[in-house]
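Both complexes shown next keep chain A, but they swap its partner, so chain B is in the first and chain C is in the second.
For the complex of A and B:
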């Protein structure tokens, strides 16, 4: 089982096509999709296509990064969508002056971002607390906030749509320094930071060790409980940021809709990316590729006139195929 | 020492029944028409769909699996039932249950043949079922035929008892018999307790697991039939979040998500508890002392789930420590 930590397969075997597919399937699929689109989809190789796809995928990627870390410890976080709704509801309440009348707009926007993301992180910590100290199964523990969280966001806003025109805040969703959307920069920063963290830091190794064999990790002196607290807090943090990006893009916050179904999109991206759902093996770059693949499949189908509903069925098939291939690769 | 342990297990399992009794007593004491015929029957009518979904979920969870697809399977079932409703009650019901069983069979094959984790397999079929429902319904709700009598499955009464509640009650009785008095039921619990050991003992683990997913899909389809009959239309986008509500009800009912322990009766109590909580909230609003919007119901349900799982966790750890 050393391979789970080092990410290497037993060397010295003959070339195994299934193992190869399991390893590089996502990259190959992505490449094939790109080639297909370049040939068949009109106006594919444009900056606009790139921007559309990146802006649509980036909230999923941001959430999926936190999810990857949680899943790396053998957990799961169902509450991300609801946490997005809370963060997306809180921020406008602050910079629109619903709570305290607005003074300096920059100050209030900064406070809104800090408080919304802070609240999301605290909710993540709460999940971690339930998982680590009460030993509640992650599915159940995060189910609590999945159910209650959206309700909290709706109660906060009374279920009303909050519409706003605050360019200082909307810059997160609409700004384009050097022609690159701000949310894409945020996404890349989070992805790179998390990938580095998972590969090169003691904390990252502790995550995988906890997911690989919790008991052994504990005996080896890894602070398992604190690792768990941290990954759920990170997941909450990522969801908080994603919630802000969504409302900034929409110039409106609807507690009923922000982040709806996000937990499943994120989990699908993580699974397609090659992270083991049972924990112990995780890859952030894989998650990014997984999210991109799912997004590109959907885009390809839509751009070629296939209805969105059929795209859902195809997405389902891809998830199953990807996970099955990875298992075949591992079984050898 | 042993008797004390038993008491703990008893509280863990039947605490939900006690809580349900307390909640009903509270409602009876506080609100005039709480136990009136109309209110009781409408609570039963409305919650029968969730009860059916939770029953299937309970069986799957007892084997240590999970079924995320039940919500969109119910939506798909409601669309299929609505489309078949002009041909009569039975074809309508058969169509709904049939497509549900197909989704369930697919889940069962993915889990047992391809060895895909239940969480991912049923997540995928959830998307697929949702997409199929939208395709089948052409992205809109499909109204049912009122001439064929199909709506009686959701709106009709037998004497004073709502037909959907009777259907749900029948399903629970069958479920209870299967779990407690058949070898299949014992095998389900054995698989959840230790799958490898069960397999080595020669139990037909794969066949039984397949059967639980099949049953869960069929029951979700049946819930969809009732949904269509109750609201007069097949609803391709209904059922969002049903799976998690069902899981919550099963957990509140004392069934462990790791499998191996569970009860059909307490699952029903869990469904009723979550349903009546909402009903009490409505009554409380009607009294005029407080005015909690409908949004509070999910907050309260979540808080309630939190209390239950913390108590369960405490009971479990003290049990483990005692053993």
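For the complex of A and C:
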């Protein structure tokens, strides 16, 4: 009986404004915001404005890329903020010589980055292990590290603020080859690689098949458990890099603050970008646009004298609108 | 309530989204009788029960209970009015005590407080009537399925039910537990309670039921005393076959155009859980092997074992002479198998992906290089199969969820054909598909077999099995009970084996 309901959708042939908005809403919103700012915000069309906005949005985008993949499989990762804190706490401990006295600074910085990101990836793998092999709901499984992770970061640093001046490391947050911030280069590299991965590779297809219909994917021979393991590891990896970028910018690592609330910012960017929160349909470029939209709204409000607290309410309204549009588009 | 029937449902109609699920069905239950309700999948049994218990609102017809019109809006209300339902999956609260489960909704109170001792005593009294002595203070989940079912029945009696509906109560019980259940049913009957007994196990019906109502396509086709109707008549009525007149060709299947080749797959004495007891069969190159049997005979369950979705407890399988012990579907795929399941929506299509992406899902490793999917190979594959199978879509990039059921099914067929399998398992390949597409799919299946593919086809449509298959294995209550071959395949013989578990002609065919 259900079969007859899944026939050709009659609305498909006609122009449907809601469907159109669901599809291109983010792009349109971004364009409107740009136009608005060009007209009303002073000194908007400057390189400085671009840099301010891009550097502010970088870490969110990096984390949101991993989040997009996780959500693509029908999961969610609440632990990204805490993993950022751990990664941000670990790296300075190494290049400041807290663990092993510093030798060649380049070697120690390289080790710091590798170990911090490696640890973050392993923590992501742990999330994936809980989700895939113990069948724990993703929201509960990643809640474990959401709670414990920040505690681990604080224990690692004894709750101390680690302040440093290590230009060799801080280059990833402050460097500007050819005038482009290094973090923006990192962000774009991750975005492009992930977008290509999701669209063109067997792995990307496996993510969408797993999120779209896990039973069917498994029956078609897709290694569903390994796919889940991988996306959570990638999410951990992205959070690890974002943690390093944040502490490099701040010249300090505070386990209490690094990545605080990041999970929600990342999920918001993914949702506004048009990725289906129930899985099976995901877009990395959409996530980038989503993060930019949220950032630009905040910037626009601040630049025009609206207090930050009010900006939060507007941000919430945008998320609600985006998710509503998405559902309308799907209902057709 | 003198002599009139306890329950009369007359001319019941029910439509879902305009499609009739019940079209004038009737059911009459006498006081103190055990009444079997049987029919194929989709015949309308469960809709009938859900209309009775107020779960669904009926679109037409009349219900009289105890001689007066009966109107309820929820199963809870029905229960209060004397009609209790015991579902296949027991709908009790597993982590609460037996007493709480029995007394939930009619707790004994004293001075505004729950009177636990009175409730425990009541629970014990109710269960003792069935000869069950258990600690009613323990949580329900500590007990086995049969006992939990008894608790559900005790709960029904506690509500002073006059009619108890049991929906496939024996499907998860072993023989001893079934005997216990039957004892309880006879006791209910002795107390004047009526029972509606839904089951697919024919022997059980004859053992415990007084009368039977057979439904088909949303209608009541026959009501009879159990001792006035034999198994063959029962099965024929369910499947809608009138044995006195043989109909013409009803499907698009035509005979095989070539001889079957060497054996591709052999299963011997497979067993797993309750549903599969002892199943043996084999499939050869270029032939369609049909699996016939009633609902619950273990056909799908056997296919799941072959494809590695479940693990066999006993028995052996071989693919082209080598052992086949699949732990997961990917093992079966690696061994050269494909499986189009009966549940297209939940186990087949990935709705958000395109036609091409759905088609290439099982084939990703071979159309990719270094983990990168070759767009051109995927497109080429999709275009080839869209043309070959006549799939109606706007192109390879259309989302599969926008296609009709028949075209979705063709995409899923293509998904497996693309892997060039040795054995293709089709579970209800034409269910829920419109007549035109149905014929096309049947022709395609024949073509595939003629090109050398070994096909295992499960179908509940008798004509599909009889006309389509080159060889038929009949399953009955988890056992393969008959093998029919070539001219030996007839509706009569298949029905006979489904009803009796053997057919005298079968032996001749085998000899």
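Everything that follows uses one rule, which is that the second predicted complex is superposed on the first by the 320 of 332 C-alpha atoms of A that agree within 3 Å, B and C clash if a C-alpha of one lies under 4 Å from a C-alpha of the other, contacts with A are read in each partner's own complex, and residues count from 1 in each chain.
Following the convention adopted for this analysis, contacts are C-beta pairs under 8 Å (C-beta built on N, C-alpha and C of every residue); 3 or more make two chains touch, one makes a residue touch a chain.
Here the structure is a predicted model, which is why all the values come from computation and not from measurement.
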item	value
First (chain B), second (chain C), both or neither touched by A:104	neither
Partner chain in contact with A:271 - chain B first, chain C second, else both or neither	first
Which superposed partner A:202 touches (first chain B, second chain C, both, neither)	second
First (chain B), second (chain C), both or neither touched by A:280	second
First, second, both or neither for A:216, with chain B first and chain C second	second
When both partners are placed on the shared chain, which of chain B and chain C touches more of chain A	B
Partner chain(s) touched by A:146 [first = chain B, second = chain C, both, neither]	first
Chain A - residues contacting chain C, complex	1-9, 12, 200-203, 205-206, 208-209, 212-213, 215-223, 276, 280-281
Chain C to chain A touching residues, read off their complex	16-17, 19, 21, 42, 307, 309, 328-330, 333-334, 339, 341, 344-353, 357, 360-362, 364-365, 368, 371-373, 375, 401-405, 408, 415, 432-433
Residues on chain B engaged by chain A in the complex (per definition of touch)	66, 68, 110, 114-117, 119-121, 123-128, 130-135, 139, 240, 244-245, 247-248, 251, 257-258, 293, 295-303, 305-306, 309-310, 312-314, 316-317
In the complex, chain A residues that touch chain B	76, 78, 130, 134-137, 139-141, 143-152, 154-155, 158-159, 260-261, 264, 267-268, 271, 277-278, 307-313, 315-317, 319-320, 323-324, 327
